[in-house]
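So, here come the structures, one by one.
In the two complexes that follow, chain A is the common piece, with chain B as its partner first and chain C second.
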Partner chain A sequence: MRYVEITNSMRKNPLSCIFFLIGLVIILFVVATLFNLIFKTLFLNMEGFRDILNDPAVISSIWLTMYTSFLATLIAMVLGIPLAYVLARHDFFGKQIIESFIDIPVIIPHTVAGIALFSLLMKRGAIGGFFESIGIVFQDSMWGIVAAMLFVSYPFFVNAAKDGFASVNPNLEKVARTLGASQSHAFFHVTLPLSVRHIVSGAIMSWARGVSEFGAVVVIAYYPMIASTLILYRFNTGGLAESQPIAVLLIIMCFITFLAFRLASKKKW
Partner chain B sequence: MLEIVNVSNDWNGIFALKDITLKVNDGEYFVILGPTGAGKTLLMEIIAGLYYPDSGKVSISNKDVTQLPPEKRNIGFLYQDYSLFPHYDSRSNIEYGLKIRKVPKSERETIIEGLSSMLDIGHLMDRDVTTLSGGEQQKVAMARALAIRPDILLLDEPFSALDEATRNRLIGDMKELHKKERITTVHVTHSQEEAMILADRIAIMMDGRIVQVGEPKEIFYKPENLEVAKFVRIENIWDVDVIENSDKGLLVRLNGYEVLTPPYSKEIGERARLLIRPEDIVLGSGENTSARNRFMGTVESIEYRGFFNMVRIDCGLPVVAAITTQSVQELGIEAGSKVGVFFKSTALHVVPI
Partner chain C sequence: MNKKNMILMISICLLLVAPLFSGCISSDEKEEEPEPVTLKVLHAGSLTSPFEKIEAEFEADYPYVDVQLEPAGSVACVNKIIETGIEADILASADYTLIPSMMMPDYADWYILFASNEMVLTYSENSKYADEIDADNWYDILRRDDVLWAFSNPNLDPCGYRTPMVIQLAEAAYGDDQIFEDLIESYSSIYAEEQSGNYIITTPEDLAPDTDHLTIRDKSVDLVSMVLEGGLDYAWEYISVAVQNGLDYVRLPKSINLSSVAYADDYNKVSVVTCDGKSKSANPIVYGVTVPLNAPNSDVAALFIEYIINEVGQGIFELDGQPPMVPAGVNDIELVPETLKEYLEQI
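Coming up: the complex of A and B.
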């Protein structure tokens, strides 16, 4: 439920004006940080920016970042949608514990998450050895990056999807059942389509969180370098001049992707 | 025929159905009437197969369906909020059950055509259901439930979300529809008016139990106990002593008056409770009448309720009478007036104390 006072203009409400001005500080903080970075790169270091556009290491690193985050989001969706549905529709013993586990990755430092994942998934780890025997290696590999991204980003997806399912009136499913739909038909034709906005929104947030991840990834898979690792590496070896243009390119790419997803999900339902 | 036998269900202590037994005949319009929280919706959902009872049996046409999933029961369900699928237009909503049943397109169109003319919703077919008014949504939801040609139609408070004028119109339409189609219908409501107008029979449900089943007149005029009497708004409830029992009826003493009731099996000296509906009480000047059951009293208040007035009279015991505005004017009744209170013996009902 969303309550908006449509007849009340903010200008006639002094408290809202003060709140707006206070809120503006945080917006200015973010805008100033990003604008400064982008302005400096595009206007003062255009040549550096052109160079990185032709740098295969940079392009493949950004592509790898987006691609691995996409894979992590896809896995979060496949595993998270059923979980989110159950959590939204049922109360059961231990539900709160499960919900706490979902939120843990948000609250623990990401290097800690990286170390935990590493000790589980490294070649000598509890299940890393098994995966290696079937050809999936996590240590310093693309799968390690996906695992780290999945770990830190799935809470965003599951929580959004859960909110989406919870917002669908359960009577719709019940009516569908009485009209002849099986449980799965009612889910796929009624509940899922009506939750699609939340699901897409959760997927975008999850993907964005994956792209921005560094701490967990760098512990389990320093190589191949994702964009954040590469930016830090270039910052350490070549300073701002070499790292800033990559950062700007990553921001632009993320922004375009983000916008494209948002527009694509702008359908009414 | 729908048969519910000894159905019990405990829903985490929030709602509980306690040993419900009901029989709804083919083509009958059966109303389950009860206050909010009585467990009416849960009972409907158990009939529909959306929940399974902890114990007991549900059968349709003599076939045990207790463990059958809802999609195999062929039951039409109309919820209070209509639950139209908001991502479909009206036509697609109505078509939903037909498509699942793989009804060919031409046949689907014929069915939809028939329903849209019967319910007068042709102009709504291509409308986004979120833009429909409450009454329109109700009709589209009804068409959707009827499209599958259900064996039983379950209506859960179908008129409660509507404004009064629309409600009255749709109740009339519903009555016509039932007369024409004779679909076995179970309708739950807390509205006595709906029950009175529509029901062939009524079951009173309170606190998860069926308290009384009967024809509307029986329920409203001959409630089985005080609980039902109060629920069906019998406002005149008096404790009496039986002083004579004959073929003519019971002679009871009520606050110094002697009152004759229809025959009941009561012992002389037994205490009982006397009930009469406010609309069965007649007011007059009180002097020139031969009515046996007659009190004199003073008007305490008159409440205007639209078509009628509730007049509260102190006759040494509280009496409530429902009389028309015209009668109030003709008798010149106002607070403080002296009036005669009359009622027929046949309008009285006696229940155990």
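Coming up: the complex of A and C.
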């Protein structure tokens, strides 16, 4: 029934029809690229795909990638939500400078980001030295991966959360305050729930950006190998036949995660 | 549409159309010039500095050629051609033997030897024990628990598989048969087996380095900035890379540093089997270059190789700490392009 409703509503809107057709081009572009990769692997190199499913190095690197990116997103949320709220609600001197700083990681070449992070976080670096004394090592370790992913992915989260908070009418908070809610009560019970769609979508983007990161991670932590490092390594030693199946498995895992989050974020909240 | 939007729209339109105009102008002006050619050069990371200089000289003389340098580990360079089917015009490897062993006869039929190099242990003034280290005690310093040292991935980069070779050769040279076990076997999954006086080193796919002591990266030049930043104490490099980047370095005896043809027989006792199952014997480090048989622009490639082996190239290699071979050697002088023959000597 829903299909009929959609087509009916489209028929009444010829402009939407045209827009849909134009949009289809970019979807086809993505689908064709992925289909080529997935088809080649699943149908022409099924054995190679089965091999990597049984390869503990592959499974642990994909798991590590998803997990470290999850940690990076979590840190981005804890630190980013307060920042996003302040930026959405207040105008102050230097705000634009802060907002520009937030966007910088999106534009810097990732190798440059990696080298900058390395010199700061290496065992003998300014910050890395301190963390080593409390038992956290970044150089060639999981925390180095998290740090690199956080650096490149937090802009996506902060910007989305900022848009979310900005979309909540401040008057709603004021009404809550006049009804006796404290400032933090109003934030947690009014503003935050109303912006949850933006926050979830920002978190998904931030997580996805982390999973796809390679350039910055590989400088600070070549080991333990995340999926993109392992894919390039296998590509260089064993060619496409050994690297493509890993890429396909990563795509499938990410697609499932994406879909799950998108469906979950659609429901209630 | 307000004024601001109007200006924005106009500037976007101008940006979109601009390339068309520039195309018209350049094609009008340079009508007699040959078709622009893009020359794709896959080369060892350690050749980056001299090749950039040769590129500048070459492009000044042949403005219609755009040379695209693509540095990577030498094995990775060869794999791009034979595995991935990338069509490159020139391949230059830090180990000339890769060309006969991996590319011939399907992807190449000749190769030119044009420069040599040697293995050194590099460090910076920030490195631990920098004031102590020398050619007699380096292996004891690398053994120390608080020292962090590095080499590149043996499965991807000849500098990487030459490092365990040097360390294996050091055992005989220094009369200490624990060096390899202490520095390589106890810090990684790489292992050596002795077979009637010869040593076969195996480098598994998963090198599993103990990252508290040993760091591994794709190619040896990736380690340079890490040493300069003070994040690593020591890294194994070619002397050329050390000279070009201003690193301090320990020069090792000729019997182990893989620089001398006179020691070729000693070097040959050690070989490395990389994770693709292929075996590489320790040889004097000599750079090799070839034009792959499927090169799209083999004529222009020959012109570029001329710049590598003529006086221009020789001067550049000399300055960069990679002694040029004069004259350059070739495996089969009958097969090379005619214009190169005057610079070459059959080996």
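We adopt the following convention: the second predicted complex is superposed on the first by the 241 of 269 C-alpha atoms of A that agree within 3 Å, B and C clash if a C-alpha of one lies under 4 Å from a C-alpha of the other, contacts with A are read in each partner's own complex, and residues count from 1 in each chain.
The rule is simple: a contact is a pair of C-beta atoms (placed from the backbone, for glycine too) under 8 Å apart; a residue touches a chain by one contact, two chains touch by 3 or more.
Note that this is a predicted model, so its numbers are computed, not measured.
Asker: Touch test for A:14: chain B only (first), chain C only (second), both, or neither?
Answerer: A:14: touches no partner chain.
Asker: Tell me the contact category for A:94 with respect to chain B and chain C: first, second, both or neither.
Answerer: In the superposition, A:94 touches no partner, neither chain B nor chain C.
Asker: Applying the touch criterion given at the start, work out whether A:185 contacts chain B, chain C, both or neither, answering first, second, both or neither.
Answerer: First partner only.
Asker: Go through the superposed model and pick first if A:176 touches only chain B, second if only chain C, both, or neither.
Answerer: first
Asker: Considering only touches as defined above, state whether A:194 meets chain B (first), chain C (second), both or neither.
Answerer: Once the two structures are laid over each other on A, A:194 reaches chain B alone.
Asker: If we overlay the two complexes on their shared chain A, which of chain B and chain C does A:124 touch? Say first, second, both or neither.
Answerer: So A:124 only meets chain C here.
Asker: So, A:139: does it touch chain B (first), chain C (second), both, or neither?
Answerer: A:139: touches chain C, not chain B.
Asker: Check whether A:57 is in contact with chain B, with chain C, with both or with neither, and answer first, second, both or neither.
Answerer: Second partner only, chain C.
Asker: Is chain A touched at more residues by chain B or by chain C?
Answerer: C
Asker: Which stretch or stretches of chain A touch chain C in the complex?
Answerer: Answer in residue numbers: 57, 115, 118-119, 122-125, 139-141, 218-219, 222-223, 232-233, 235-240.
Asker: What residues on chain B touch chain A, complex-wise?
Answerer: 45, 48-50, 69-71, 73, 75-77, 79, 81, 83, 85-87, 96-97, 100-101, 144-145, 148, 154
Asker: Which residues of chain C touch chain A in the complex?
Answerer: Within the complex, chain C touches chain A at residues 72-73, 75-76, 79, 83-84, 126, 148, 153, 155-156, 205-206, 209, 211, 215-218, 222, 225-226, 229-231, 274-276.
Asker: What part of chain A is in contact with chain B in the complex they form?
Answerer: Those residues of chain A that touch chain B are 169, 171-172, 174-182, 185, 190, 193-194, 269.
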